[in-house]
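In the two complexes that follow, chain A is the common piece, with chain B as its partner first and chain C second.
This part shows the complex of A and B:
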């Protein structure tokens, strides 16, 4: 990362952090929170799907594990959310290891179908393992622990603390993926994506690289799940282990741009705002546009919105020069 | 249930065999068939076992159009792109249905099917029995079509070896449209037959698609006899599992079988498919 773009990222984060001081509209903040949360999930999926080319249809499982672990720790052991969310992420990462060891024996579409089956099994277990998950009733959080920060008591009834928490998760997720894309692991993943056999032939332990990435991806998705549990204060198998969730993560990364750091953010802004606007108008079916955009993007913009914009920016100087000459 | 599952599975497997498409929108075609049966009974008083004659060709046409206008350009983009594209299509269709018909659970009761038949003391729901018989007949007809007619042979040849099929003068493009139409028609017809026996709701496809993948993978992707066997096997495992294991985990048995087969017998239990 160049120094200039680092400064730009920090400035953007600071600007976003200051936003709730100016904007008090709680619906607007709610949409922002959703955008941040979906960006985190999109980034999580993108680590595996975009960089390593392994299309998972089962990421809801990690989201769900994170959500359940976080909320159960809080309700049964009084672990505060700010500790519970990272622990939930770690639990999801631990869950990802056997998940990956099973599913990564398969390639391409077969891998995708296997992840779908594992996620469905996870949901089935959550529905029936009453002792741990409270079955289909789920868990409800009625109060949040008091917290004093900088001499002020945090008011959990407003959106601002959630906004800042979601933003921190966003920074962690984008930072992690930014690091990943420049790391040795990231280079291995690109090699795996382009040609699995060739990557193996040059000595990359492809299964280990994939499982590591899956664990990282699950960690982010699990933290997203933990945050979800406290923001919506409600967790049940249909809410946090739905196939639909896995699909939305795919769509956000895909529409934004596969294998890019900025892509999921753009995808989340685009799809969440359209989705919420639709939800206002119609009770059901607000996902129509997700499906439509998905098809349009694959047909016309296979590199995603951000992928396309980035390419345009890189070409831009040359274009401007020629315009100046004319 | 087995024969109806098998029909859905055959549709999926033909499409996979010819085009190497894993069609995630297949369950939505079943759902459309179910709603077609529902509305034609509700509005025109047509019995689902009669309206199947109308809806099968309509869905065949719809399948051909979907292939021509939506899918054809995507296929060269690779298996994963096509997979994601059909996932988008599935979400689009399911949500359009939600917008149009709301998420309510509906039933399609038949006056003559209230009391189950009791051959040999086993209760068999009438609607399911008729559905089973018709599904069996359709499957047989399909089998004859695939093995006896030129178009059927062209489909099988293309799924065995597309390049060789082109060299033999088969118009692969037309075969693909035909196969996709056929797959859609089978899914839709199965939907019409299932309508009196299942709850109807717009996202029912989600449940059915996972089941049909289990079936197709059990039998071997791309294999029609495999899909028939897989469908019957899944039907049996689910009903026996519900009795001997537990009703809550009966759906799980299918997934476990699916994973085991994918991992250890990727070409299907009968070794005739070509996954791997």
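This part shows the complex of A and C:
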């Protein structure tokens, strides 16, 4: 990353952090929180799907494991959210290792279908292991622990603390994926995406790289799940292990731009705003428009919105280079 | 001692014996040619030695160490590299990045890996193509890239699977020069090739296979006079 773009990223994060001081409209903050949460999930999915080219239809499983672990720790052991959310992420990452060792035996569409199957199994287990998950009844958070920071009591009834927590997760997620995209692991993932056998032939341990990436991806998705549990204060299998969640993660990364750091943010902005606007206008059948939007993007912008914009920006200097070479 | 030793190597695909009880050694610094009619099992031998297919029986040793059945990435780290008959580039990435990805095996830092890649691209005559997407190269350049990627892993033994397949006579000469250059740089080469003129000229020794078995092993001039080899290629009456 150049110094200039690093400064730009830090400035953007600082601006976003200051937003609740100016904007008091709680619906607006709610939409921002949703955008941040969806971005985190899109980034998580993008690590595996965008960089490594392994299309997972089962990421709801990691979201769900994170949500359950976080909420159960809180309700049964009084573990505060700011510890519970990272622990939930770690639990999801641990869960991802056997998940990956099973599903990565398969390649391409067979891998995708296997992830779907494992995620559905996870949901069935959550429905039936009532001692751990409370079955289909789920868990409800009725109060949040009081918290004092710098002499100020945090007011859980406003959106601001959730907004800042979601923004922190966003920074962690984008920072992680930004690091990944520049690391040797990231380069290896690109090789795996381009040709798995050729990647093995040049000495890349493809299974290990994929499992590691899945664990990283699950960690981010699990933290997203933990945050969800405290923001919506309700966790049950239909809410946090829903196949729809897995699909939205795919769509956000695809609409925004596969294998880009900025893409999922753009994807989350578009899908959240389009989704919410259509929900207001058409109470019934608003998902049709959502799907239509997705089809248009996939048909006309296969590299995603951010992917297309980035190519347009980069084209100018590229032309100069080739002119210089000629 | 041979650098690469293959002993009693066997592989069945269902009831078909693709390779049967094959034994040979590759001496350090030599070019060993591997020839035989179509279906003789040459590519299977490559797949067995490089870990892409597990042997049904037998041993593979690298510098005396048993490496039978190890995964391809482990073998690449130990110094066995290969190219594919049907080239396998990373098509959507530039040529330089293709080679850099391979160079990461010995150079964890990107700047070092890129420097190593540039050196190899220059050596193989690909420097002018560094920015081209690998999928858009001509076949000759794809063959060069295939060798460049394999070399970038820093191999002790390089297995080349038909590096001249599909090339025109002028390109075959270029490819021969590349292979001789690779050997001159200290890498031991095992070469599968159908272009007889090239393999007879370049190889120090030639191993001839038929139906998964070794039928001859020796200097090119001896091998071509071997009655069994002539029979394998031209039928019994020619021998």
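FYI, the second predicted complex is superposed on the first by the 308 of 326 C-alpha atoms of A that agree within 3 Å, B and C clash if a C-alpha of one lies under 4 Å from a C-alpha of the other, contacts with A are read in each partner's own complex, and residues count from 1 in each chain.
Criterion: a contact is a pair of C-beta atoms (placed from the backbone, for glycine too) under 8 Å apart; a residue touches a chain by one contact, two chains touch by 3 or more.
Please read these numbers as outputs of a predicted model, since none were measured by experiment.
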| task | Check the residue A:250 against both partner chains and state whether it touches chain B (first), chain C (second), both, or neither. | result | first
| message | Taking the superposition on A as described, I'd like to know which of chain B and chain C A:187 touches: first, second, both or neither. | response | second
| Counting only touches as set out at the top, which of chain B and chain C does A:299 meet: first, second, both, neither? | first
| field | chain B versus chain C as contact partner of A:113, first or second or both or neither | value | first
| message | Is A:121 touching anything from chain B or chain C once the two structures are fitted on A? First, second, both or neither. | response | first
| Partner chain(s) touched by A:18 [first = chain B, second = chain C, both, neither] | neither
| query | Of the partners chain B and chain C, which touch A:290 in the superposed model: first, second, both, neither? | reply | first
| field | When both partners are placed on the shared chain, which of chain B and chain C touches more of chain A | value | B
| query | Along chain A, where are the residues that touch chain B in the complex? | reply | 53, 55, 57, 102, 105-106, 108-110, 112-114, 116-118, 120-121, 124-125, 127-128, 243, 247, 250-251, 254, 282-288, 290-295, 298-299, 302
| task | Over in the complex, which chain B residues touch chain A? Could you list them? | result | 22, 70, 73-74, 77, 79-81, 83-85, 87-99, 102-103, 206, 210, 213-214, 217, 248-249, 251-252, 255-256, 258-259, 262-263, 266, 275-276
| For chain A, which residues are in contact with chain C within the complex? | 184, 187-188, 190-191, 194-195, 197-206, 321
| note | So, in the complex, the side of chain C touching chain A is made of residues 50, 52, 71-74, 76-77, 81-82, 84, 88-93, 97, 100-102, 104-105, 108, 110, 131, 149-150, 152-153
